[in-house]
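Alright, structures below, take your time with them.
Common to both upcoming complexes is subunit A, partnered first by subunit B, then by subunit C.
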Partner chain A sequence: MLEKRDGRDDGVEESEVCMEQKEPLLEVKGLKKYYPIKDGIITHTIGHITAVDGVDFKLYPGETLGLVGESGCGKSTIGRQIVALENPSEGEILYKGRPIRRMAKDETKEMKRNIQMIFQDPYSSLNPRKTVFEILSYPMLYHKICSEREAPKEVERLLDLVGLSKNMAGRYPHEFSGGQRQRIGIARALSLRPELIICDEPVSALDVSIQAQILNLLKNLQKEFGFTYLFIGHGLDAVHYISDRIAVMYLGKFMETGQAQELFENPGHPYTVALCNASPIPDPKVRDRNRRILTDEIPSNVDIPAGCRFHPRCFCSTEHCKFHEPSLLSVNESGTHMAACPIMNPLQRQEETEACISI
Partner chain B sequence: MRPVLEVKDLEVAFTQNKKEKKVIDRVSFTVMPGEILSIVGESGSGKSVSLLSVMGLLANNGNVVGGGINFEGTDLLALTERELDQIRGNSMTMVFQDALTSLNPVFTVGTQMIETMMRHTDMNKKQARDRAILLLEKVGLPNPSAIMKKYPHTLSGGMRQRVMIGMALCCNPRLLIADEPTTALDVTIQAQIMELLKKLQKEMGMSIILITHDLGLVAEMADRVVVMYAGQIVEEAPVNELFEKPAHPYTRALLQSVPNKKKDKNIPLVSIEGTVPENYDEITGCRFSNRCRYYENRCRKEQDLESLGEYKKIRCWKRETAGMMV
Partner chain C sequence: MIKRKIDKKEMNYRYQNRSWERFKRHKLALAGLVFLIVMSLLALLAPWIAPYDPNEVAGGFSKAPSLQFIFGTDQVGRDVFSRLLHGTRISLLVGLAATAVSTVIGVILGLISGYFGGWVDMVIMRFTDMVMSFPYILLVLVSAAIFGPGLLNIILILGFVDWPGVARLVRGNVLAIRENNFIKADLVAGLPGKYILFSEILPNTIAPILIYATSVVAISILDEAALSFLGMGIQPPQASLGNMLNGAQSLSVLTSKPWLWIPTGSLIVLLVISINFIGDALRDAFDPSGN
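Right, the complex of A and B next:
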C-alpha cells in the first residue's frame, strides 16, 4: 500500500521555511548535454548540438519545480537525464546527496524506483500489446513491491486512485481516450511508490477540459502522498498553476528562476516577459492590449549566439549584450528570484530600459 | 449583406461495419464577409468534420445526409467534383493542423505554390512564381526566394505553417478555414501566426473560420463563437457575450477549466468529469447531461437550438435560469 506521507502544507511561506531546513531530494550541478553531429564517409564529428548548457538547481521534498521554454530549449533533455535515460556530457546529478551515475547496483535500482516519469504522448508511451493490468503490475513485480497474488488488488487500488474504474484492468490501451491513457501513465508512475515524478508535458496533448482533470489529479496526489514533481511544459498557465517555483529555459540555460507568482508578477528577464505576452488571455476585452510578440524563431542550437543567447530576439538588448554572457543575478533582496539579465534587473536597472520594459 | 458561407441543418453520417452513425446533427451557421467565426469544442465534437464536409473532403465512408451548404450563392452539395475543384483552393481554402503532412514531401515549396496558382488562374509560370515569392514575403518568411527551393521537411513547424497560409492565399480567397492551425506549435510561434492571420484578414478583407479548442485564442481572435458538443451546436454568441455571460453549462465549464495566472492556485480548477459519450447519436435529450452539474429530469427530452436575439442561440432546458447559474 502506498502509505501517506506528511501532507504538504499549503501556502508559500510554509514551503519556503521547509526549503531552508530540508536536504534537497535532487541536486543538479553544472549539467551539460551535447550531441555530436557526424558526417563524412569516414564518420567524424563536425559539430555539436547543445541541448543543455550548464544548469544548476535543487529540488526539495514535496515541492513542484516547473520548467518552461520553447521546444528545443533542452527542458525534456534534463528530465531524461534525471531518470538516467541519457547520460550527461558534463556535470552531476545527485539524488539524496549521492551522484546517480556512481551508485552501486542495488542502489541504482532503488533510485530508479524512486524517480518515475510521466510522458507527454499518452499514445506512444503505453505498450499496445499489453493490458492495463500488465502495464501496471510488471513494474511492481520486478521491484518486489507486491507478490503475484496481491497484484490484482494493488492494480485495482491504483486505478481507483487515478479515477479509472477497476473493471478496466483487462483492456488494452487503444480502448481508452487520451485523457484516460494519461491517467494510466500516471498510475504506472505511482505504482512504484516513487518520491520524485518527472512530468514531461503531461497535458500538452490533451483537450482543455481534460487538462484541468489531469492537473487537479496531479495536485491532489501530491497533497495526499507528498510527491516531488519536476513539471516540464510550454503552456505557462498550466505550469504556473501546478508549480511552487519555476525555471525559464532558453537554448539550454536558465534565464530566470523564482517563486511562481513572483516570476509572473515581476519578471526579471525579457524572455519571461515575452512568454507571458505570447500566451492568449481568455478575455476578449483585453485583446487590443499592447503585446510584445517575439519575432523570429528560436535559433539553432548548433550555433548558439555569442554574448547573451537571447539578444537577437530581445526587445531591450544593448551593444553590451552581444559580447557578454550574463549569469544569473539576484533580482530581489532575499535571493529567491534570479534572472540572467543585467539590463532588466531592478537592482541595477537603468532609466532608458525602464521605458522599453513597461508594458 | 449576403453571407459568404451559409451552412443549414447539416447532417453528416459515417458508415462503419455497415452501420450508419450520424456524427453531425443539424448544424447551422453563417459567416459574414470580413468576419472571424470561431468554432470551439473538444476533440470528437464534430468541429473538423463539419468543415471538412464544407470543403468536400470527407473520407470515403462519410456522407452528407441532410441540409445544405451555400457558398456565395452556390449550392456546394449540388456541384460535381470537378466544379467543386474550381472553388476549393481558389476562393475557399483551408489550413490544417499538421503542416508537415499536408504539404507534399517530394516537391519543393515553390513547385507546390506555382502549381496551385497555375491550376486556378490563367497566370503563366513566371507570373505565378513572382506571386509566390510575394506571398511568402507577406506571411513573414525571411528570404522567400531561397524558401521556394526548399523541401517541407527542412523547414521548422512555424515556417511550414506560414508556407501553408501563404499557399492558402494564392488565389485571394474569400474564406479561409483554419483547422487548429497552431495546436502543434509553441506559444511564442502561436502568437506570431495569430497576429499574421489577423493582419492578413484586415488587409485582404477575407472571412476566417477558426477551429480550435483553446478559449484563449477565441478571445483573442473571434468576432462570433459557435460552441459544439457531441456533434451538435450547443451555443452560439458574439465573443464578448460568450465570455461575459456564458449561457450553456458546457460553455461555462469550459471557461472555468482554463488555468489562469490571475486565479488563486489553491482553488482546484473546475473540470468537466468524464468524456464525450461514444455513440452520442443514440442519446435522446441533452447529450451533455451525463457530465452536467445542473442535470434534471426534463433534460432527457429533446431540446432544439433556440434563438435568443439575433446572434445568440442556446440548446439547454435551463436557459431561463442560465444567467443565474454559477
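Right, the complex of A and C next:
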C-alpha cells in the first residue's frame, strides 16, 4: 500500500515557512543543454541549438513548481534532463544532495523509482500491444513493490486511485479515451511510489473538461501522498491552478520566479505581462481591453539575441537592454519573487536607470 | 483474476476476428491461401499420394501425358507427377527454412542496430550494405561451389543472403518505436534493456516482419529453382521444382515436349504468386486503421 506521507493540507503559508528549513528534494545547478546542428558532406557541427541556457532552481518536498513559457523555450528539455533521458551539456542535477549522474547502480535504481514522469501525449505513452494490467504490473514487480500474487490487487487499487473502474485492467489502450489513457499514465507513475513526479504538459493534449479532471486528480493525489511535482505547461490557467511556485522561461532561461499568486498579480517581467495578457478571459465585457500581445515570432534558439534575450519583442526595452543581460533580481523584500528585468523592477529601477543613462 | 483472463481472451478473439475480416476482402489472397494449403497438404502427403516412387524408372523415356502417367514421364522415364509432388515438398521446405534462417539473423541484427545505435549501428548497417551490394546470384553460386550443393547447404546459403532486408526493416521499426513515450517511461523507471527490447519493442515489429517474411519465402523458392536449374542446387536424383526444369534446357524439349516444363513452371509461378498475394493481404490485415 502507498503510505500517506505528511500531508500538505496546511496550505501554502505553511510551506513557505518550511521551505527555508527543509532540505531540497531536487536541486538544479547551472543546467545547460545544447543540441549540435550537423551538416555537410562530411558531417560536422556547424552550430548549436540552445535549449536550456543556465537554469538554477530547487524543489522542496511536497511543493509544485510550475514551468511556463512558449513552445521551444526549453521547459520539456529540463524535464528530460531530470529523469536522465538525456545528459546535460553543463551543470548538475542533485537528488537529495547527490548528483544523479554519478550514483552507484542500486542508488540509481532507487532514484529512478523515486522520480517518475507523466507524458504529454497519452496516445504514444502506452504500449498498444499490452493490457493495462501488463503495463502497470511489470514496473512494480521489477522494483519489488509487490509480489506477483499481490499484483492484480495492487493494479486494481491503482486504477481505483486514478478514477478508473477495476475491471478495465484486462483492456488494451486503444479501448480508452485520451483522458482515460492519461489516467493510466498517471497510475503508472504512481505505481512505483515516487517522491517526485515530472508532469510534462500532462493536460495540453486533452480537451478542456478533461483537463480540469486531470488537474484535480493530480492535486488530490498530492494532498493524499505528498508528492512533489514539477509541472511543465504552457496553459497559464492550468499552471496557475496547480502550482505553488511558478518559473517563467524564455529561450532557455528563467525570466521570473515567484509564488504563483504573487507572480500573476504583480508580474515583474514584461514577458510575464505578455503571457498573462495572451491568456483569454471568458467575458465579453473585457473583449476590447488593452492587451500587450506578442505578435512577432520567437527568435531562433540557434542565434539568441544579445543583451536581454527578450528585448526584440519587449514593449519597454531601452538601449541598455540590447547590451546587458540582466540576471534574476529580487522584486519584493522577502526575496521570494525574482525577475530578470531591471526596467520593471521597483527595487532596482533607480540605479539601473542611471546606469542606462551613463552608457 | 479470472475475469481479467476472460476479458483478454475475448479481446484477442475480437482483434483476430477483425484482422480476418480484412484479410478476407482480398479474394486473390484467399484463393492463394487455399491453393497453398492444398499444395502443402499434397506435398506433405506425397509419399502416400504419389502413384510412383519419384526416382523409379516407371515407363518409357519422355512419354506424353496419358492415363497411366498424367503429366507424362521425363527423359529417363520417371513419372513427372510423382516427382512434382516430391519436388514441391523440397521447394516449400527450402523456402520456409531459408526464410526462418534469414529472419532470425535479420531480426537479431536489426534489433541490436536500432536499439543501441551509435557505432554498433554503423558497423552492422555498413556490413548489411556490403552483403546487399554483392551480385546476388553470383554470391549464391560461389557459395554453392565452395560449400557444395545439397539441401542443407542451399537452405543456409539462401538464409545468409536474404537477411539484410529483414535487418533494415527491423532497424527502421525499432528506431520509430523507440521514440514512443512508453519506451521513455520504461527508461525513466529504470527498467532493464532486456525487457524494453524483447517485451516492448519486438512485439510491435512482429507484423511487418511477418509480412516481409512472406515475400522472402517466395524469393527463396525462386532462388532454389534458379540454383537447381543451373545445377548448383538440389542434386539429382532428388527432385525439386528447379532441377526438374533442368531437363528442359534444350530448344527441342521446350517446343516438342511441353509436359516436361509446363506443369513444373506453372506450379512455381502459382506458388510464388499465391505467397505474394497472401503477403499483400497480411499487410492490410495487420493494419488496424484499415477498417
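The rule is short, and it goes like this: the second predicted complex is superposed on the first by the 348 of 359 C-alpha atoms of A that agree within 3 Å, B and C clash if a C-alpha of one lies under 4 Å from a C-alpha of the other, contacts with A are read in each partner's own complex, and residues count from 1 in each chain.
We take it that a residue touches a chain if its C-beta (ideal position, glycine included) is under 8 Å from a C-beta of that chain, and two chains touch if they have at least 3 such contacts.
Because the structure is a prediction, the values reported are computed rather than measured.
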- Query: Would subunit B and subunit C fit next to each other on subunit A once aligned, or clash?
  - Reply: fit
- For A:Ser125, is the partner it touches subunit B (first), subunit C (second), both, or none of the two (neither)? second
- Message: With both complexes superposed on chain A, which partner does A:Thr45 reach: first (subunit B), second (subunit C), both or neither?
- Response: neither
- Check whether A:Pro282 is in contact with subunit B, with subunit C, with both or with neither, and answer first, second, both or neither. first
- Query: After superposition on the shared chain, which partner residues are touched by A:Ser177: those of subunit B (first), subunit C (second), both, or neither?
  - Reply: first
- Please indicate which partner A:Arg113 is in contact with in the superposed arrangement: first for subunit B, second for subunit C, both, or neither. second
- What's your read, subunit B or subunit C touching more residues of subunit A? B
- Just subunit B (first), just subunit C (second), both, or neither: which does A:Thr295 touch? first
- Item | Closest approach of subunit C to subunit B (Cα atoms, Å) | 9
- subunit C contacts subunit A in the complex at 1, 3-8, 11, 180-182, 184-192, 195, 199-200, 203-204, 288
- Interface with subunit A, subunit B side, in the complex: residues 42-43, 156-159, 186-192, 194-195, 213-222, 239-240, 243, 253-255, 257-261, 263, 265-266, 268-273, 275
- Interface with subunit B, subunit A side, in the complex: residues 10, 70-71, 177-180, 207-213, 215-216, 219-220, 234-238, 240-241, 260-261, 264, 274-285, 287, 291, 293-295, 297-298
- Note on the structure: The answer for subunit A against subunit C in the complex is residues 83-85, 108-109, 112-113, 115-117, 119-121, 124-129, 131, 133, 135, 138-139, 142-143, 152, 167, 169-172, 174, 185, 188, 192
